[in-house]
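What follows is subunit A paired twice: with subunit B in the first complex and subunit C in the second.
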Partner chain A sequence: MSPVVLNLFGAAVMPWLVVGGINRTRSLWTGRRGPPILQSLYDVVRLLRKTPVYSTTTTAVFRLGPWVGLAAVLASVGLVPVLGLPPMVAFPFDFVVFAAFWGLGRAVLILGALDTGSSFEGMGAAREATFSTILEPALLLTVGALGAVTGDHTLAGALRIDPTSASAAVAWLVSVVALTVIVLAEGARLPVDDPATHLELTMVHEVMVLDHSGPELAAIQTASGLKLALGVSLLATLLSPLGRSEHEAAVVGVHLLLCGGIVVAIGTMESLIARLQFRIVPRYLMVAVIAGAIALLATTWQGAPQ
Partner chain B sequence: MTLLLIAAGFLIAGAFLTFLPRRHPAVMAIASQAIASALTVYAILPVLLRGEVWDATWVLGFPLDVVDTHADALSAFFLVWSLPLTLLGTIYAAGYLKLSIAHGRHGAQHFALLNVVSLSFLIIYTAQNALVFLLGWELAAIAAWLLVIWEYRNQKVRFAGFNYLVSTHVGLFALVAALMFLHGQTGSMDLRSFSAFLAVPSSGRNIVFCLLALSFALKSAFFPVHSWLPRAHAAAPAHVSALMSGVIHKAGLYAFLRFTLLLGVPEEWMGWAVLAFGTASAVFGAVYAASQHDLKRLIGYSSTENVGIAAMGFGLAYLGMAWHTPALVAIGIAGGALHLVNHAATKCLLFYTAGAVHTATHCVDLRRLGGLLRSLPATGALMLGGVLAISGLPPLNGFVSEFVLYAGLFGGGGHSALANVALVATGALLAFVAAVGTFAMLRAFGLAFLGSPRDPSLHVGPEVGGTMLLPMALHGVAIVALGLMPVAVLGSMGPLLALFGAAGSLGVVTSAVAPVQLGSRVLVVLLATLCAGGWFFGRNARRHVTWGCGYPSGTSRMQYTGSSFSEQLIRMLATLLPQHSRIKLSKRIFPRGPGHVELHVPDAVEGRIFEVLGRGEDLFVRTAAAVPEEPRFAFAAGLGVVLVLIAALLARAS
Partner chain C sequence: MTTWVPASAWREALTDRVAAATPPSGHPAGRVVTLFGRREGDELVVTAVIERGGVLETLRTRMPAADGYHSMTEEVPALHAFERELHEQTGVAVRGHPWLKPLRFEGGGGQAAMRTYPWYTVEGRDVHEVAVGPIHAGVIEPGSFRFMCLGERVLHLEIQLGYQHRGVEQLLRSGDSRRLTPLVETIAGDSTVANAWAHALAIEQLAGVGVSRETELSRAVLLELERVGMHLASLAGLATDIGHLQGASTYGRLRTTVINTSMRLCGSRFGRSGVRPGAPAYAFGADQRGALQSALELLGRDVPVIDDRFLSDISVQHRLGGIGVVSAARAKEIGLIGVAGRASGQDLDQRVHRADLYPNLLPEVEPGGDCLARTRVRMREIHASLGWLRAVVESRAGWPRARASIGLLAPSSMGVAVVEGFRGEVVHCMETDASGALVHYKVQDPSLQNWLGLALCVRGGAISDFPICNKSFDLSYCGQDL
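Let's turn to the complex of A and B:
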């Protein structure tokens, strides 16, 4: 099969499996059997059949926001090695485009939240916008540093770093830390945001979508599941021990194993720790920036790649 | 060149004709500017696209003697959008000032001054003689000042205007000092002849560079001399803010590039300095924009942010020239220049929409506005476009120019590993700027246009008229077109890059941007498909009040406010953004009477500058007080020694 088809297939399947896998892990840790793995897909299908309810305060911004957000995340699929294979498109500095697509998705979600006029949703929007001022530089710093180490400035290429030399190993190690922080925060998971919380005051992502219902909520949940799946894929690409030109089946197999491992790790982590205080979150996110800075400084040890 | 002279003639004639009685003063201004813009664009296009160079010499009397004018791709690049955008601003002004003029204000001077602004562009962008250049420079400054103080009966407006006038003339002193120095070295007032002195590295060249940079930084409102800008822009009529911010102050960056051409190969420290000050401006502009309550002040701070981003590109170009890497020069110049155009298109749009908000509500205070999208749908939609564009989000224009700059910063074009580290770190700072800028703009739009009205006493008028909507709509078309066809725009920059010795590297830029253009178009298709589908899903939707999380009696006063939205960010950046708060809250468990909370973020940079100046004044006063009233022998002797020392130093220096 051509890589394009495989990538699209991965993007269609992974979100449900990742979300379902995390939920299943959490259930097992709490001694329950938990919902079916594909429950989130069933939820989306059920939501799509419903008639939405719009707040009387809202405008077209609220109504179209979720679809714009979904389109932005869908557009970013093309740049990600979803199954560990080369992505559909790769060009130098595509990670900037990737970050901008996610930024657009976040922006319309924030606008949609503000459109409801609810103070709770405004609060979530403010938190999301504030955290993004750390997350975006952290992402570009980390991938930019990896690009400086590898000399490959594409998203997929920079993440396929070969940690053989000492400096590359340091850069690899700290960027795993940075990317983990970024992926978990962008995917609205613990310890920044708890998707299972029931108190609006302590939510970030969930509180912003309180008023969305029916198909719009389905679009938002699809987009956020896809975001998480893409993030996990990026992390797995960074962790993958296989180099650039391996046997395709082996690459995909290792990649899927790593994704599974990450999913279980996220579920375990979410079962064992509590959400951070919001006061602490910026400091926690700064870990990603500092890790990215260390990765960047590591490039000076080996000299500039020619 | 003759066509440009005719255009100038039309502008001057139009300026006088606005004073004709019994006619709307805008008609003549718009007509003359339309003709002048058409002539200029028609005349200048061959220069812009094919890199022709026009030189013309006008023999005049004392004190100018022979005046040389010179139009190359750099002049053309700035001329081609400056005049049409001023024309749009004048059309907008006709609508914006309609009420004042209907109430008996005499608008003729105002429209005549808008013509003068256009005229000053023709002078500044083609002058080859330093005195003529200064003339145009001063013409623009004075005209802008007079335009700012349209509401001169308001003391705050007069103060803001005076503040601008003083600031711009501090910059003028630096510029005059630099030009006098150059005249002293070369004995000529011709800009080209300065190049003989400027092309050779020397301490004199460094001094001139710093003076010029200070002057141009003041003109374009760079950190740390930006504080006049938000003040002036909050006081001026919307179209004046738009033109100053979007068009007039780009003259500072034009002059910077013009002198860059004379500089030959700049030294590396100059590049780092430009990059550092550009980055600092971008960071400070963005974080201050994120904390403002006044919509126009907020948009004004965003101008400092965006000229900073453009200057980052020019800093890259300086480094590229110092390192002899034409690819970096091409990326820096093309990225910076594209960002200038993008900023001009977007910033004018934002100020126009802010003006429309002001026209409809007589208020630009984000603490009182809310839910305007229902009453001002066209303005709101256009502002949403402008907000997304200036935030650098695809598929609109701001994204492309920022991408080009990222390509330069992350590309590893530095000549040492440390240089590359600095460039990548600057790239991360640019991402921070973009994220904070997005924060600021989403906050502004969300507070003013979304949600429900915050202040019931605020009367919201009808949507603004066609004369105001037309320029806004054209700007809206421009931001979409620039976003979807950036390769064509960048492709026309060949002659401009050739001036900087990077003609061969145009392909580096266009080939880097080509996939981005494709990506933006794919995104547009996806957006259109999904939004159409989504709209279909919602056709039978029911309506209900916003979910109040179990609290049934919420009011619109309980919405998240601007202060609460930026509270966490301000606390995170407390070192850059010291916050002043006035809080009066009851300490009782069941409070009686209303409480009061007011949070302000004053410009700490300006405060710090005045603090330092004040300390210097104190020192001066104390020293002066220490001088005895009747000069005694010791004092006289000391003065004599100092004079001899100064004379000796001067003698050694020369």
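Let's turn to the complex of A and C:
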């Protein structure tokens, strides 16, 4: 099968499995059976059949936001090695475009939240914007440093680093840390956000979508599940020992195993720790920036970048 | 003990009793447990219940209503809620009160008057207002919270309640005063036993009925089950709010065991029909003792494990420690009671004065005053209550169900009862007229005094910490709204 088909297939299936897998892990940790693995897909189907309700204060910005956001995340799929295989599109410094797509998705969501005029949503938007000012540089710094180490300046290529030399090993190690922090924060998971909370005052992502309903909410949930799945995929690509292997089946198999492991690890982590205080979150996110900076420093070790 | 003082001496009498102890007299400083009034023709009858060293004194006066009442909140801030209530319930002018805002919008206007609540506002270009409620996410009670914020920092929080005002006190005055218990049990569902017990004590005083130790023990068993069950519910809520999954599910599961035990004893998970004036309202024999014992075994095994997991989790310590602090001095000033008071170093627990039922019981006091301290007080009280219940089982105490007949209530008398519910002291005062009919029924939930503690503890803190502070206080909306 062509990589394009496989990539699209992965992007269509993985979001539901990743979200379902995390929820199932959380349920098992608390001694419960939990909802079906595909519950998030059923929810989206249910939402698509509903008629949305709009507040009278909102404008077209509010209605368009979810669809533009979904489109932006869908576009970013093209640059991600979804199943560990080469992505559909790759060109030098495409990771900047990748960050821009996710930034666009975030921007329209923030605008939609501000459009409601609700103080809750305004606070959520402010938090999201604050956190992203740390997350975006961290992503660019990390992938950029990996690109400098590998000499491959595409998103997929940089992540398929071969950590056998000392500098590459250091860069690889700190990148794993940075990318983990970034993926969890972008996916609105603990310890930054709690997808299960009902407390508006403590929400980040959830509070920005409080006023959305029906198909728009389905679009937002699909985009957010897809974002999390893409993040997990990027992390698995970074961790995969078969990064540059030609053996397609083995690459996909190892990649899926790693994704499963990451999903269980996220679910376990969420079951065992409490959420961070908001004033601590920027410090926690700075870990990703610092890790990215260390990765960059590693490139100067043992000579100049290749 | 009831002391009538002339209106001219009221102020002095009250402030003398709550003033700090002076060495020669050696009297400990008193604390106003409750203060309320009623209209009698053109007169205002004011009653204050003062506790000094475990002894309750009822201080009363009458004054012409037209003269108004002079507030003492400036000197004794703990009186602020009582005086606001006095103003609202009697319509008498209260002069010199710094914060004479509606408590629950009794009287004229009703619900519509809620729209004109005089909110405190903070001016400034960067100050923003966040209104939360009165309808909240999740199935909880209504209450309106308004925050004045600078970014994420809270400058001021104001809590406006009254949405659940049902006219409880008025309702209790109508009907047969000796058959009020079922109504009393619905004042606040989470404090069913505490309210029913306080009511029973008050009516027993008025009817001159002496009760056996077994009767009191039967009530205490249900009250301790209520305490353990509600503390577990609070802890489950707190764990949910900080995203601690194991605590959330385990505490919730254990609470079910506790309230199911209440059902095995008296037929209701919330202890309804478990307390009636005069005699034990449920039988406690070998079956019930066995049910209680097996529940205690399960709880004795599982509660320490989850407590240890929860408290030793560094992310939990970090999330709760230092959040929502009420200093001991502040707690004393505004009269915090119950769990919130004890977590701020206040050595107050009404059960201490019932050594016949609770020998060797000491208040579980924590000095911290933060969310972590309130959590720890709950955990320690669960532990103590389980130990007390175990001792009851081991003593092989038992009693049959019995019905007592309550005679006529004594005329022109007052029955005052204070019971330490899970949240704090629940006060019931019943007063009869010359014919023995009820002229006044005063109910007080500890939430009345403690809501201000919540409002003050979030000042200067982050607005995102408010839900945790709120849960750690776990106050009642319907108990305050009555």
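Operating definition for what follows: the second predicted complex is superposed on the first by the 303 of 306 C-alpha atoms of A that agree within 3 Å, B and C clash if a C-alpha of one lies under 4 Å from a C-alpha of the other, contacts with A are read in each partner's own complex, and residues count from 1 in each chain.
As a convention for this text, contacts are C-beta pairs under 8 Å (C-beta built on N, C-alpha and C of every residue); 3 or more make two chains touch, one makes a residue touch a chain.
Predicted model, so just to flag it, every value in this text is computed and none were measured.
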Taking the superposition on A as described, I'd like to know which of subunit B and subunit C A:Met123 touches: first, second, both or neither. both
Looking at A:Pro92, would you say it contacts subunit B, subunit C, both, or neither? Reply first, second, both or neither. first
Kindly classify A:Asp194 by the partners it touches after superposition: subunit B alone (first), subunit C alone (second), both, or neither? second
Between subunit B (first) and subunit C (second), which does A:Arg275 come into contact with in this model arrangement: first, second, both, or neither? second
For A:Arg33 in the superposed arrangement: first (subunit B), second (subunit C), both or neither? neither
Pick one for A:Asp211: touches subunit B only (first), subunit C only (second), both, or neither. first
Of the partners subunit B and subunit C, which touch A:Thr202 in the superposed model: first, second, both, neither? second
By residue count, is subunit A touched more by subunit B or by subunit C? B
Of the residues on subunit A, which ones does subunit B touch that subunit C also touches? 119-120, 122-123, 126, 200, 278
Quick one: which bits of subunit A touch subunit C in the complex? Just the residue numbers, please. 26, 29-32, 119-120, 122-123, 126, 190-191, 194, 196-202, 270-280
Given the complex, residues on subunit B that touch subunit A span 370-371, 373-374, 384, 388, 391-394, 399, 402-403, 406-407, 409-412, 414, 416-418, 420-421, 424-425, 427-429, 431-432, 434-436, 438-439, 442-443, 445-447, 450-452, 512, 515-516, 519, 522-523, 526-527, 529-531, 533-535, 537-538, 540-549, 554, 556, 558-560, 564-569, 572
Contact footprint of subunit A on subunit C as seen in their complex: 128-132, 137-138, 151-152, 239-246, 248-250, 313, 315-316, 318-319, 323, 462-467
Which part of subunit A faces subunit B closely enough to touch in the complex? 48, 51-59, 61, 63-64, 66-68, 70-72, 74-75, 78, 89, 91-94, 96-97, 99-101, 103-104, 107, 110-111, 114-123, 125-127, 129-130, 132-141, 144-145, 147-148, 151, 153, 200, 210-211, 214-216, 219, 278, 282, 289, 292-293, 296-297, 299-300, 302-305
